[in-house]
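Structures follow.
Note that chain A is present in both complexes that follow, paired respectively with chain B and with chain C.
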Partner chain A sequence: MIRVEHVRKRFGRKQVLRDISMEARRGEITCLVGTNGSGKSTLLRAIMGLTPLSGGRVEVDGAAFHHGMYEKVAFIPDTLTMPPGMTVRACMTFMQDFYRSWEAARGEELLAFFKLDPASRVGSLSKGTAAKLNLVLGLGLNADYVLMDEPFSGIDLFSREHIASVFASELIEDRGVLFTTHEIQDVEHLIDKVVMLDQGVIAKEFYCEDIRQREGKSVLDVMREVYQA
Partner chain B sequence: MNRYLKLVHMELGRAWKPLAALMGLTLVMQLAIVVYLTRNRVAFVKRNYLEEQQMSVATFVQKIGRISFNDVMMDNMLFTAPIVLGIVVLLLYTLFLWYRDWLGKNMFIYRLLMLPSARSDLYFAKLTTVLLLVFSLVAFQMAILPLLSAAFAASVPYELRESVTAVELASEIELLTLVLPFNWKDFLLYYGFGMAGVAVLYACVLLERSYKIVRGIAGMLVYLAIIGLLLFLPAIIGLLLFLPAIIDVYWMALYPWELITLQSGLVAVVGALSVWLSLYLMKHKITV
Partner chain C sequence: MQAGIFPPIAAFNNRDPVYLQVVRHFKELIATGRLEAGQTIPSRRELAALLQINPNTAQKAYKEMEEQRLIITEGNSPSRVTHDAQLLGAIRAELVREAVEAFVATIRPIQLPTDELVEIVRAAYEAPKEGE
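Coming up: the complex of A and B.
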């Protein structure tokens, strides 16, 4: 389980995260939602040690986060993480070289699934194709947890559907997924849990099934209540 | 260790094109300059001494001396320009080595910082890359010296030419003796100072990357002030202890080797401090 305890993050005078505590469990898909600037991406980067915390702690399966955790926690940011001059094939080789948890066969399977050309240069990929390559590089790792920052941002409908289908596939099964998105309607049926951030604090946290059964509301309904109140 | 070596290999793989371009440019420029300047000198000698003053070659050699490579190239900025260019390009590349991973559409720094190994591997890989690039360029310069010597020999008639070996060439051109020191003490001193300089530069880059522009630059200035204070500590102590007029005496009281040892020790402290600061920033403060 990824456990975030009393995490605070300040950029200069701006307090971006204020005392955030939450959990993301294996086998569950947790969605972080919030308006622009609510601190979603910062929280993901803070969990991954890509920006220092101003306070609080992050634990993965009961241990403090350290560099060895990058084998078991994969992060798929909303930007390409490979140099533009590399080919898709070279990216796969890079992952195999540096990560023990890289599964070459799964990587090939993902390439075929997303119909990516191994000879393409990273710098020449369209936004949608780049997002798919990011997914290949993240999901090709045999990681217990996958964090994704806006995997559907700025890409066309068909690519979005293609990427969303990953969430329902065996590629995600048994893993813990924590992701951020603005396109909640595309993946609402796939999500287990929602954490709503508002101005650096958790405004609401719930299991989708519970809220559907207890209150008959969709995630969008709850979002309207929280953010338009 | 394994990942460190892989990172060095990867960084070198990314650097080989600019390095090859720099080597090619150095070769072409130096060859062209050697041939051009040597032919000019030979033409000048023929016109002024052998034709106008009607000197025989033997008299010319006796009175003026044979034409040597060093005479022709001495203090000629054209010859040393490619070496200076190499130094400047490598200095810029040292900065580029970090910033290219942060800036632009693709943020490779995400991947590099998420490698499952200590971030010190990444730091030392980049430091090693700079050192290997410098050595590659220096080795290339050494390798083309016989070629330059041959180009010189081909441009001067045998009877007018003073033959020199490549080693003599390397020892006669001042800038070359800086990049190719002939004894190990100078080698350690020059390259030690150089690497300490690169470590300071890296610490400044990482300060800026950790605290961003305003706070980063402020931190950088404070750090450079601390380093300056450290390096000039002996002079500052001297200034505080003695009257300014005695400062010269204070410096003169040290033998040159003592002064060099003292300064080397301080530079080593500055280098070590910069490496420690950089590793601390990479582990605890870096932000993407």
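Coming up: the complex of A and C.
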């Protein structure tokens, strides 16, 4: 389990995360939602140790985050970080060299799943294709947890459906997934749990099936209540 | 098992529990004979991929159907539709009752005399379907 306890983050005078406590469990897909500037990306980066915390702590399976965790927790940022001159194949080789937990066979499977051409160069990829490569590189790691920042952003409908189908597949099974999105209506059926951030605090945290069962509401309905109140 | 009998993702609504919508869909498949008694159904993982739903939700739907004895899972073999004829009949009756209740709830505010309503229903029900 990824456990976030009383995490605070301040940039200068701006308090981006005020007092965040939440969990993301293995075998569950947790979705972090919030309006622009609500601190979603900052929280993901804070969990990954990519930005120093102003307070609080992050634990993965009971241990504080340390550099060895990068083998165990994969992070797929909202833009591809590979140099434009590299080919898709070279990116795969890079991952193989850099991570002990890289699974070459799974990487190939993912390349085929997304129909990516190993010979094409990173710089020539369309936005959607770059997003798919980003997913290949993140999901090819045999990590217990996967964090994704806006995996659907700016991507056409069919590519979005294609990416969403990964969530329902064995490529994700048994892992813990935590991701942010603005396209909640596309993935309501795919996620277990929603954590709503609002101005640096958690406004609401619930299981989707519970809220449908108890209140007959969609995730979007709850978002409207929280953010338009 | 052909994938075609399962609805595209858009057929599910976002306000009712997805697992119950899945159970209902299976009941419809059984009541209309598209799934037959004893027929093997997809694994939980296959169903999640097919319907593009959360694997935990697929699991919950199968658990519910097992509790309702709609499907039977023995050991490690794939789940099958029950052979229980009484139960299969009850599913059909349940779906008919639900559809009629929904229809009645919609039509009641219009306050038609029963005979007139029944006549309209009969005519519509017995009319040849378009394209036939």
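Keep in mind that, in the parts below, the second predicted complex is superposed on the first by the 229 of 229 C-alpha atoms of A that agree within 3 Å, B and C clash if a C-alpha of one lies under 4 Å from a C-alpha of the other, contacts with A are read in each partner's own complex, and residues count from 1 in each chain.
The rule is short, and it goes like this: a contact is a pair of C-beta atoms (placed from the backbone, for glycine too) under 8 Å apart; a residue touches a chain by one contact, two chains touch by 3 or more.
Just so you know, these numbers come straight off a predicted model, no measurement behind them.
Peer 1: Which of the two partners, first being chain B and second being chain C, lies in contact with A:L139: first, second, both, or neither?
Peer 2: Touch partners of A:L139: none, neither chain B nor chain C.
Peer 1: Check whether A:L197 is in contact with chain B, with chain C, with both or with neither, and answer first, second, both or neither.
Peer 2: neither
Peer 1: Which of the two partners, first being chain B and second being chain C, lies in contact with A:H67: first, second, both, or neither?
Peer 2: first
Peer 1: If you stack the two complexes on chain A, which partner ends up touching A:D97: first (chain B), second (chain C), both, or neither?
Peer 2: So A:D97 only meets chain B here.
Peer 1: Taking the complex as given, what residues does chain C use to touch chain A?
Peer 2: So the residues of chain C touching chain A come out as 9, 12-20, 45, 48-49, 51-57, 60.
Peer 1: Considering the complex alone, what residue numbers of chain A touch chain B?
Peer 2: Chain A reaches chain B through residues 12, 45, 48-52, 67-71, 75, 77, 79-85, 94, 97-101, 122-123, 137.
Peer 1: Flag every residue of chain A that touches chain C in the complex, lowest number first.
Peer 2: 27-29, 161, 164-165, 167-170, 172-173, 185, 188-192, 208-209, 212-213, 216-221
Peer 1: Given the complex with chain A, which residues does chain B contribute to the contact?
Peer 2: 3, 6, 10, 14, 100-101, 104-108, 110-111, 113-119, 215, 284-288
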